[in-house]
Amino acid sequence: MRLTVLPVLTVVSAIFLIWYAAAVWLNAPWAYDKATRTGETLSAQTLVADTWSQEKPKLPAPHQVGAEIWKTTVEKKITSKRSLIFHSWVTLSATMLGFALGTGLGIALAVGIVYNRTMDMSVMPWVIASQTIPILAIAPMIIVVLNAVGVSGLLPKAMISMYLSFFPVVVGMVKGLRSPDAMQLDQMRTWNASPSQTFWRLRLPSSMPYLFTSLKIAMAASLVGAIVGELPTGAVAGLGARLLAGSYYGQTIQIWSALIMAAALAAALVGIIGLVQRVTLKRMGMT
Amino acid sequence: MMWIVFALAVWAVGWRVNARLAAGPGTRITGLAIPVIFGMTLIAIWEGMVRGLEISPVLLPAPSMIALRFAASTDILWEDFVQTVIKGALSGYILGCGSAFAVAILVDRFDFLRRGLLPVGNFVAALPVIGMAPILVMWFGFDWQSKAAVVVVMVFFPMLVNTVQGLQSSSAMQRDLMRTYAAGYWTTLLKLRLPAAMPFVFNGLKIASTLALIGAIVAEFFGSPIRGMGFRISTSVGQLALDLVWAEIVVAAIVGSAFYGGVALIERAVTFWHPSQRH
Amino acid sequence: ADDVTLQLKWVTQAQFAGYYVALDKGFYSEEDLNVTIKPGGPDIAPTQVLAGGGADVTVEWMPAALAAREKGLNMVNIAQPFKSSGMMLTCRKDAGVTSTADFAGKTLGVWFFGNEFPFLSWMSKLDIPTDGSDNGVTVLKQGFNVDPLLQSQAACVSTMTYNEYWQVIDAGLTPDDLTVFKYEDQGVATLEDGLYVLEEKLADPAFEDKMVRFVRASMKGWKYAEENPDEAAEIVLDNDASGAQTEKHQKRMMGEIAKLTAGSNGALDPADYERTVASLLAGGSDPVITKAPEGAWTHAITDKALN
Amino acid sequence: MTNATVISANRLSLTFETNDGPVHALKDVSLDIDKGEFVSFIGPSGCGKTTFLRCMADLEHPTSGEITVNGVSAEEARRMRAYGYVFQAAGLYPWRTIGGNVRLPLEIMGYEKPDMDARVDRVLDLVELSGFERKYPWQLSGGMQQRASIARALAFDADILLMDEPFGALDEIVRDHLNEQLLNLWARTEKTIAFVTHSIPEAVYLSTKIVVMSPRPGRITDVIESPLPRDRPLDIRDTPEFLEVAHRVREGLRAGHIDD
Amino acid sequence: MTNATVISANRLSLTFETNDGPVHALKDVSLDIDKGEFVSFIGPSGCGKTTFLRCMADLEHPTSGEITVNGVSAEEARRMRAYGYVFQAAGLYPWRTIGGNVRLPLEIMGYEKPDMDARVDRVLDLVELSGFERKYPWQLSGGMQQRASIARALAFDADILLMDEPFGALDEIVRDHLNEQLLNLWARTEKTIAFVTHSIPEAVYLSTKIVVMSPRPGRITDVIESPLPRDRPLDIRDTPEFLEVAHRVREGLRAGHIDD
């Protein structure tokens, strides 16, 4: 544990240093711009002070973002529409549902592809093609169409989330389910194991390292999907809505705080998967 | 009703033909024919359903309509393709995958960095594109540079995770062998760990290849010059020119699949030895 | 009560105060209506939502509605609460723009997604090509905000009198630093925020009756909002689920919106309609609409609602 | 003991296509194995012993020729779970303990839980691995892994045992012990056993029939019916009959090598 | 021939911690190996032979005790590329051809291209794999893979050869041939060789010193200095001296097993 703390702290401090420097660099033009129009001249000190405290900076300084996050998490009731925790919860619920659906679909497709030759040869190229469709373009259509058949609320968002997250699972699982070596498969043949037995006792366990790597990517994708899905549902609530609302009004501080929150959420979710991975693989005697 | 029956019939026939083909000996031709037939049946069903259920073309145009628009707009489609794919996606893909690969090697080399950078890196890479895109557009301007930046951010994480995992995937005995040769870090990397990592690296490259295209297109929603696939799609949705929207989507699907297929071909050549390539 | 779903063109803000006031003050329930208001956003095409059956009635700008009508989606204007246009092009003086003659060679930020039509017809009227050539202008698809102007990436950006313009001011630029071109003043104003429904549905007397009541209650809401702008802004804030709007901005917006709705009782002025159509038809080589539409508006609803 | 033919190969050939030309792993191989026989295969490495065994187990499809097992095709026999197969490499599943690995085929074949436990205990005891049930494969030495894989093949009741160099990684003492155990098992159960080995004494000691093979292309050069009685104490290995058979096998092997 | 000590182990112990308790793989093992010696290790499976070899090669770190190689620590010796190691399993890299696998250590140690090619040819010929350079590992039989891995360890000039059951998967004829070749090589180059085997005749035929080990905990029970001359034709195996030594080894082994 202590082996991690020091390096992480070092890297984080390095990032903060760069961040503050970048804030000065990126926000200086606007400070000069303002100064020229008001006819002032800027000393180095006032320049730095200004670049770290602009209302709509190009890059807000870390403490500005920190203060905004503090204000919108700790100082607000979690039921308030201005509470980031409330919005995170909205996004999280769509993310989790989408992730569950996506993982399910991904594994189902992978099993189909590995076990059915027709599916293997016909489906995979189209699964790939499906991922090249820009989701933001069809998200509104999905929402409109689902709405027309009476599906609304959490599910449409989760569907978009699922659409983004099933793909890494398919790719990883197809590879993973095919990773047992020839001898292991031959063994199963000599015992005349049924396809389902081969699946549960050989292919699935062998695919675990691949599965977890894919799940981590899928989880991140699923969060992106949930956020994308919030846009065409009217962006009423959720981190996506906050990002967008921040965007309309050039509220960079608000954008960044929503961004950091989203990243923290993703990191926490990915971290949980990592934990499950470690426990599972350890119990399986791998690593 | 006729059209729906037609669609179902096409589906049944298409699947039957494919099952027959797949059961036979696999040649290069069946390998190509099967997905094509599958796609054709999908398209036929789509056409049938749109006509049969009389779906409004401003919601979902029929494939025939999309094809007509495609043929009529090749110049626009080409212009958008160059802007989005060549300038935005490709340069971002190369930059993003390249830097992720380099960082993965660095991270893998210095344990300190691995412990410090990987957790933080996971965090940074989890920043959602939708949020990053407006910021990157603000920083890098409206043209393709900001799109490439979005692509870099998007492909970095999957590539990094896969490469790092791959670099750790050689077996204990394979590593011991290198130890007995007193092979240095670089030699072990070059002769053992990189080759052993290749299946994972290609996994990353394949996932990144689809992400790159999406990233470049999505970034155009947040400000762009007046060309590019994302620009055309968002503008055309506003004009209810759904046929053009789908023509762009078709381009995206073709380009994306070709890109993916290309990477998969290289993968087959490079990792021919891996059991998953020998099934 | 009868269900009505209203699709807004944009996010919850004072631009749509009348509807939120009518909802909050019970004007809709007085008419025995159960109204759901769906906020819009940058990724929502109200026309498409209407076509998909996601809404009964939508707030839309007339150019987009007429363009959709040409595509075969029969949208009909049933009421027009906004009398004047709030659209402007806001330019920086230090970028060298003080009159329309200075546009040549400049970069201009424009909204697309169905909102580009007024700009295109204006440019065609000025005879300025939009292809980025030397004597023309370079057009950018502007994102959601005024950053390109603040970052000097564009010489001008599109703004609304009630919204983006004030963001420029809030960011620290003064009116003296800016040149603004109001579409109204340039003679290329097109009708904004009207209420549109599908022609087919209107044929149903029950639906027509519902719309009559809806328009009546909505106009009552608008008049209430004009008279009580601060209260209206509060109501809008209460209805904003994203929690991102500020009181200061919404109150100011309500004040500006009141100026645009002031001259309208809800009924479409045919003269405004003709002006809009003329402007759109004049779009040079690539006009927005190719022939004058028929049946794109009706007084049937407002006649019943307002008398 | 009936004399029914259990495995019958008829002009079997198998060619692998590789990146630099075809490899004739088996060419025109014909052989009959009767019920209750113990047949050893011996020959230089690469002569096709493994390939032949794999053909019997329906793990490889002959390019030409025919193979029947119990009168039906190799595939049908496999479906009827007629074989226990011990692979040349141990091939244990790393995520299962030793006990779990041995239990695996029993789970697949649907044995009852108490029966399963009893069998696992019995076979682990047989190969002297009691006490290692709960270890993982990578915690065992190479020889112990190999013994675990033998236990796995013996755990269920297959009529035919196919064993590919099962005792290669074992020391002489354990090997002698397991040789005896295997003979006991064979005598008791009347299994039919096909057994690949590199050790001439082992082949002679165990078998009723010794098949000598030679490579490129892989083929059978000699089939020696053993004159030794079925009852074989360990010291039979010092009798002249034994040495006589061993000599003949060695000659056959040598011929194959010179041929090369 | 000098008598300098090349490998010296002093009260070496190694304990593995596993999920169910510690395993004492080596306990208080002391042994000296002189330059030019050929030392065989023999003992029941799991007695720590591989572990001991791995300690010499600095692949495993003893829990206590000391090991020096050429007067320096095992690690330094490894860095000086003092060893060639043949693993118990072949462990070829699947993405390299057989030729490529054998060439690997030569590339790493920076041999010249023509020298490299010559060496690859020579050692592949030595293990009778000429003609298989361009095949991939999965296209070879188990024994052929093992021979390729022997070739890989012989390709470069290490003073110390550590071989972990290199001939386990080979038939008697090839084995005899490789035994002879190995003895030739040893006589010619004065290498020091540590050799794990399960075959008593092989150990006696090859070695100047035979180390008998026994398990749980892994320890040395007997060290037998061979009275046989260094020059050893194959038929030395029929001399009484040979049989005498073999007998002693067998007794030592048996004792270890009973002990168990």
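A, B, C, D and E label the chains in the order they appear, each numbered from 1.
Heads up, the rule we're going with is that a contact is a pair of C-beta atoms (placed from the backbone, for glycine too) under 8 Å apart; a residue touches a chain by one contact, two chains touch by 3 or more.
For each chain, UniProt lists the protein as follows: A, B = ABC transporter permease; D, E = ABC transporter ATP-binding protein.
The structure presented is a predicted model; accordingly, all values stated were derived computationally and were not measured.
Enquirer: List every chain that touches both chain C and chain E.
Expert: B
Enquirer: Report the pair of chains linked by the most C-beta pairs in contact.
Expert: Chains A-B share more contact pairs than any other pair.
Enquirer: Chain B to chain D: how many Å between their CA centres?
Expert: Taking the average C-alpha coordinate of chain B and of chain D, the gap between them is 49 Å.
Enquirer: Please work out the Cα centroid separation of chain A and chain C, and write it as a whole number of Å.
Expert: Centres of chain A and chain C (C-alpha means) sit 35 Å apart.
Enquirer: Just curious, how far off is chain E from chain D if you go by their C-alpha centres, in Å?
Expert: Between these chains, centre-to-centre, one finds 28 Å.
Enquirer: Compute the distance, rounded to whole Å, between the mean C-alpha positions of chain B and chain E.
Expert: About 50 Å separates the centre of chain B from that of chain E.
Enquirer: On chain D, where are the residues touching two or more other chains?
Expert: Within chain D, the residues that touch at least two other chains are 89, 136, 138.
Enquirer: So which stretches of chain A touch two or more other chains?
Expert: Residues 58, 136, 140-141, 144-145, 148, 182, 231, 247.
Enquirer: At which residue positions does chain B touch at least two other chains?
Expert: Answer for chain B, listing residues that touch two or more other chains: 59, 134, 138, 221-222, 234, 237, 278.
Enquirer: Can you list every touching chain pair?
Expert: Between chains, contact exists in these pairs: A-B, A-C, A-D, B-C, B-E, D-E.
Enquirer: Mind pulling up the chain E residues that touch chain B in the complex?
Expert: 54, 57-59, 78-81, 83-85, 87, 89, 91, 93-95, 104-105, 107-109, 136, 138
Enquirer: Which of the residues in chain A come into contact with chain B in the complex?
Expert: Interface residues on the chain A side: 3-4, 6-12, 15, 26, 58-59, 117-118, 120-126, 128-138, 140-141, 144-145, 148, 167-168, 171-172, 175, 178-182, 209, 213, 216-217, 220, 223-224, 227-228, 231, 239-240, 243, 247, 252, 255-256, 258-260, 262-267, 270-271.
Enquirer: Spell out the residues on chain B that touch chain E in their complex, using ranges where they run on.
Expert: 171, 173-174, 176-183, 187, 191-192, 195-196, 198, 271-274, 278
Enquirer: Chain C touches which residues of chain B in the complex?
Expert: Going by the criterion above, the answer is residues 56-59, 134, 137-138, 141-142, 220-226, 231, 234-235, 237-241.
Enquirer: Please give the residue numbers of chain A that touch chain D in the complex, ascending.
Expert: 183-184, 186-194, 197, 201-202, 205, 208, 284-286
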